[in-house]
Amino acid sequence: MPIILGDNRYGKAETHVVRIAKDGERHEIKDLTVSVALSGDMADVHLSGANASVLPTDTQKNTVFAFAQKHGIETAEHFAVLLAQHFVDSQPTIQHARVEVAECTWDRIEPWAGRRGAGEAQQHGHSFVRSGRETRTVVVHYDGEQTHVVSGLRDLVVLNSTASEFHGYIKDEFTTLPETSDRVLATAVTAQWRHAETDNAEIRAVDFDGEYDVARASLLEAFADTYSLSLQQTLYAMGTRVLDECAGVCEVKLALPNKHHFVVDLSPFGMENPNETFYAADRPYGLIEGTVLRENAPLAGPAWS
Amino acid sequence: MPIILGDNRYGKAETHVVRIAKDGERHEIKDLTVSVALSGDMADVHLSGANASVLPTDTQKNTVFAFAQKHGIETAEHFAVLLAQHFVDSQPTIQHARVEVAECTWDRIEPWAGRRGAGEAQQHGHSFVRSGRETRTVVVHYDGEQTHVVSGLRDLVVLNSTASEFHGYIKDEFTTLPETSDRVLATAVTAQWRHAETDNAEIRAVDFDGEYDVARASLLEAFADTYSLSLQQTLYAMGTRVLDECAGVCEVKLALPNKHHFVVDLSPFGMENPNETFYAADRPYGLIEGTVLRENAPLAGPAWS
Amino acid sequence: MPIILGDNRYGKAETHVVRIAKDGERHEIKDLTVSVALSGDMADVHLSGANASVLPTDTQKNTVFAFAQKHGIETAEHFAVLLAQHFVDSQPTIQHARVEVAECTWDRIEPWAGRRGAGEAQQHGHSFVRSGRETRTVVVHYDGEQTHVVSGLRDLVVLNSTASEFHGYIKDEFTTLPETSDRVLATAVTAQWRHAETDNAEIRAVDFDGEYDVARASLLEAFADTYSLSLQQTLYAMGTRVLDECAGVCEVKLALPNKHHFVVDLSPFGMENPNETFYAADRPYGLIEGTVLRENAPLAGPAWS
Amino acid sequence: MPIILGDNRYGKAETHVVRIAKDGERHEIKDLTVSVALSGDMADVHLSGANASVLPTDTQKNTVFAFAQKHGIETAEHFAVLLAQHFVDSQPTIQHARVEVAECTWDRIEPWAGRRGAGEAQQHGHSFVRSGRETRTVVVHYDGEQTHVVSGLRDLVVLNSTASEFHGYIKDEFTTLPETSDRVLATAVTAQWRHAETDNAEIRAVDFDGEYDVARASLLEAFADTYSLSLQQTLYAMGTRVLDECAGVCEVKLALPNKHHFVVDLSPFGMENPNETFYAADRPYGLIEGTVLRENAPLAGPAWS
């Protein structure tokens, strides 16, 4: 039975580029880790090591840096689109590009006069501190015609200290979990939202940074104000909220680990524990994954791959 | 435009079960970290938090431990199949189960008489040391009829100190990489191999541990004896070798990071470096992903998801 | 030559306790990971396995949870002091306790009316999001008499995009680094500050949370407003600022990895790069460690061990 | 009250050098990650940023690579000693050097004829696979006169499936742990052994690789054949064994996390669990640290810092 080559792709992963835009004394920082994966006419390189259709991963890395300087980085999404289009449009042997970005965000260090009241605070135009724990994410696919953009975030860690119940579930011979009407609900949100638009000119006009802020706030808000009977219910509310608030988004995927906080049994020590002292466990953990989308969402194509 | 629920699944991730089989003084150890993901009639739990169709993740965890005791762990694959079938076959609301296993392997501690020649070495029947760096992996899918089994490994770190070249590739305006006829080739192998068989009775008879040994040796051997003109060529040779040696396997997926070892330029110090001293870089790295399969391989269905 | 037992200690590491203080609708959260290390009359347990002087690590873990419920968690420092004193004062065989705490801090999720102006924002009394990237740290030592308290933080990641130079250093036969009058200076701050006070009653009165805010702001501010000729100079300025602002602190230790941001050479592509596009490297990295203290600082004793 | 500079050091951390020694077709590989920390006349660089006494960390990195090529790497210990002496002896402003090495070890890929009996196996002279999970470690200190060498390893993961008891310990109001006469004992060994010799000429003659093999085997063997009433007892036996077998070693430090394996309570499911099925927990964990030394061991000086 003959053996054949199936799906394949290759590229340079995790090129860490930092771009400082300088407008006089006031600097702006973009901090992206970019992973490129290309596919196309790659049979020969696999079968015989003939590299005539291979754009080396080293060149891909160089291109990331050169594009950062040449085009600047408007948003992580726009930068990923530029790169994806460049690789496919400039190389006949490359038919598809996937560009993934992880973005670290930075806040400006706030002036602080000090305990002693040191007088007027000085503005820090070039000093930054890494913000929050979450990482912003982007995945772009381009096949020479359509551009698929998926924005997102990971490691946004949230916790509700009440307003969460869990009961009414299946009981079988291996059930020991007691039902509860008051538990801690905590998770590290991974969320990705797909843009309906796949036309390049239209995508160029999207305000991805503004949309990110809205999507992030929507996730937080929906998590906070959903009285939860299950983490799935919270997940659905979070996805729905993003769709409600972000008109350009057609589909949201969420992965929510249930970071269990167990009420510690203090009765051996003659103590009560009215849901105040918890053991925060690492493993195992529940993992809830789900998709929320508009009924008329266009086909996803390669967007989620 | 209405909003709807799309693909979803849930389960308990990373239940770490260790099973000691005791045959008199001689013990055997199986060390598995098991992740379960179930899907089925889950609309209500998302839309309203009604949990009537939910088998809690806590119960899934209990089941992992109970099954380890009740059935033992013949191989990670057999154990994953047992669990997947149990969840689907015992619960009308569960239509699909995915069970993933990461297995740590242990070697018996070898007797050692010591430098002083302490006389006869004692056999260690119950003492173990963690072997190699790689982790063995299994993913099983079961939908009530078919069972898909994918075995594999990750973090098998290998290096060829010569017999690797790279040249003949595309040069564009961003190319700076010089061609080379002698380089270090190093990677951390992630490999997964899919079994053609999807019938439960047939799967029960497979010697997965024996096959694992053959697949692992095939990967190492093909890596070692392929004179490489590109990492893609090595990847294809590794996948082909597994198919050659493992009759029950129909498809192999490999992900090979190119762990760059750069020849250090010592000319500023008046020294030559004839490919002897290298800087081992972390990031960025090349990432080569590819699939090798039999032309008549049955459809993969959900096997790779 | 006889063999003897030297320094030793034992305890339960990384007990993760989360305490929710509930004042009606408004909750407060303390999230501590506590590591206990005890020492004392432990010769027998090492020499013969006789455990009569051993307070099991399981009991130490129970004590952490029970104390969280019994005493609440005023600050991480106060909680660590309570635990250290309990172990030494309640067990004749325990002469010394070291209690280390890593604290994750949480912010209240801010109300957000949404893009559509959803009306009055609702206060979130029980919903939290993990703040910043840094972790707050505490190490307490207690020997039955003196209590040493060291507060601190780690992983406070900061960057100056200019106002940093490096020149005038030693050149030897292995020097290739060019001097620079404008570079990015970035680091992940690990800082620890020792409190002069070792008397329990006095320590009980310290406002550790308020002091933490001042110390953190001092570190940020000194990093931001120091025009830097070396990372050592910045380190010294940061340590001095903490001492200036925190009267109760007598000594500061800092470990500052130099997170190199290299200006990418774009000249092969005919492009200039006026310090705008950087490659952020992982390894190797410079590591600058230093101590700044008051000349009359009391002896540190075991504080830093 | 004046503020002063205390202890300080600086250097390049984690330079990853791989050296391939080529003797015809047969290659040997040394894979070291080297961290240098220097101290000396560093007041000015802290106080004013004057760098006249600073050997840049970039130059330290260059020196690591240049020395690998110039001197080869006989053992990690010898290489660290060479570097430490170079920095102190060549720079008047450097009075003390600490060089730390983490070494990854590699095995030759064994020839494998394959299931089909492919005839004579080919020797792999240049193909390697990363061995075991442990990392070999070295810390060297040099002050211009004495050289202190500490060898070691970390992450050597071992498990006894029986022959371990734990009872007779203190019971207090927070005790819930039941005594046991049969438990799993598992740990990830971190061990460091100090060499008595501090004279350079003598150190040059030590067979560190041979000694490492003996020390590692001693640790494994002592772990395996000690019937354990406490992990402390096992620790002491392990340290003693190394001293017994390695004449040049005068002191051993061990850190042994107690990787708890809890017997799963299966009684709710009507099942017995005679110490066969375990839940392997991550956190919290016991941590046992101890030192075993010869009574006449010379003073450690800076060796352990």
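Here are some notes:
Just so it is clear, A, B, C and D label the chains in written order, and each chain counts residues from 1 on its own.
One rule holds in what follows: contacts are C-beta pairs under 8 Å (C-beta built on N, C-alpha and C of every residue); 3 or more make two chains touch, one makes a residue touch a chain.
Keep in mind that what you see is a predicted model, and the values were worked out from it rather than measured.
Taking the definition of touch as given, a chain qualifies here only if it contacts subunit C and subunit D alike; those chains are A, B. Across the assembly, the mean Cα position most removed from that of subunit B is the one of C.
For the pair subunit A and subunit C, the fraction of shared interface numbers is greater than half, so the two copies use mostly the same residues to meet. Once the centre of each chain is set as its mean CA position, subunit A and subunit D turn out to be 37 Å apart. Taking each chain's centre as the average of its CA atoms, subunit B and subunit D sit 28 Å apart. With centres set at the average Cα position, the gap from subunit A to subunit B is 25 Å.
Among all residues of subunit D, those that touch two or more other chains are 15-16, 62, 66, 174, 176, 268-269, 282-283.
Interface residues of subunit D facing subunit B in the complex, by the touch rule stated above, are 15-22, 27, 29, 31, 62, 65-66, 68-70, 106, 109-112, 114-116, 122, 124, 126-133, 156-163, 184, 214, 217-218, 220-221, 223-225, 244-245, 261, 264, 266, 268-269, 271, 273, 275-282. Across the complex, subunit B is touched by residues 173-174, 176, 268-269, 282-283 of subunit C. Within the complex formed with subunit D, the residues of subunit C that make contact are 1-16, 33, 35, 37, 42, 45-59, 61-63, 66, 90-91, 93, 166-170, 172, 174-177, 228-233, 235-236, 240, 243, 251, 257-258, 283-296.
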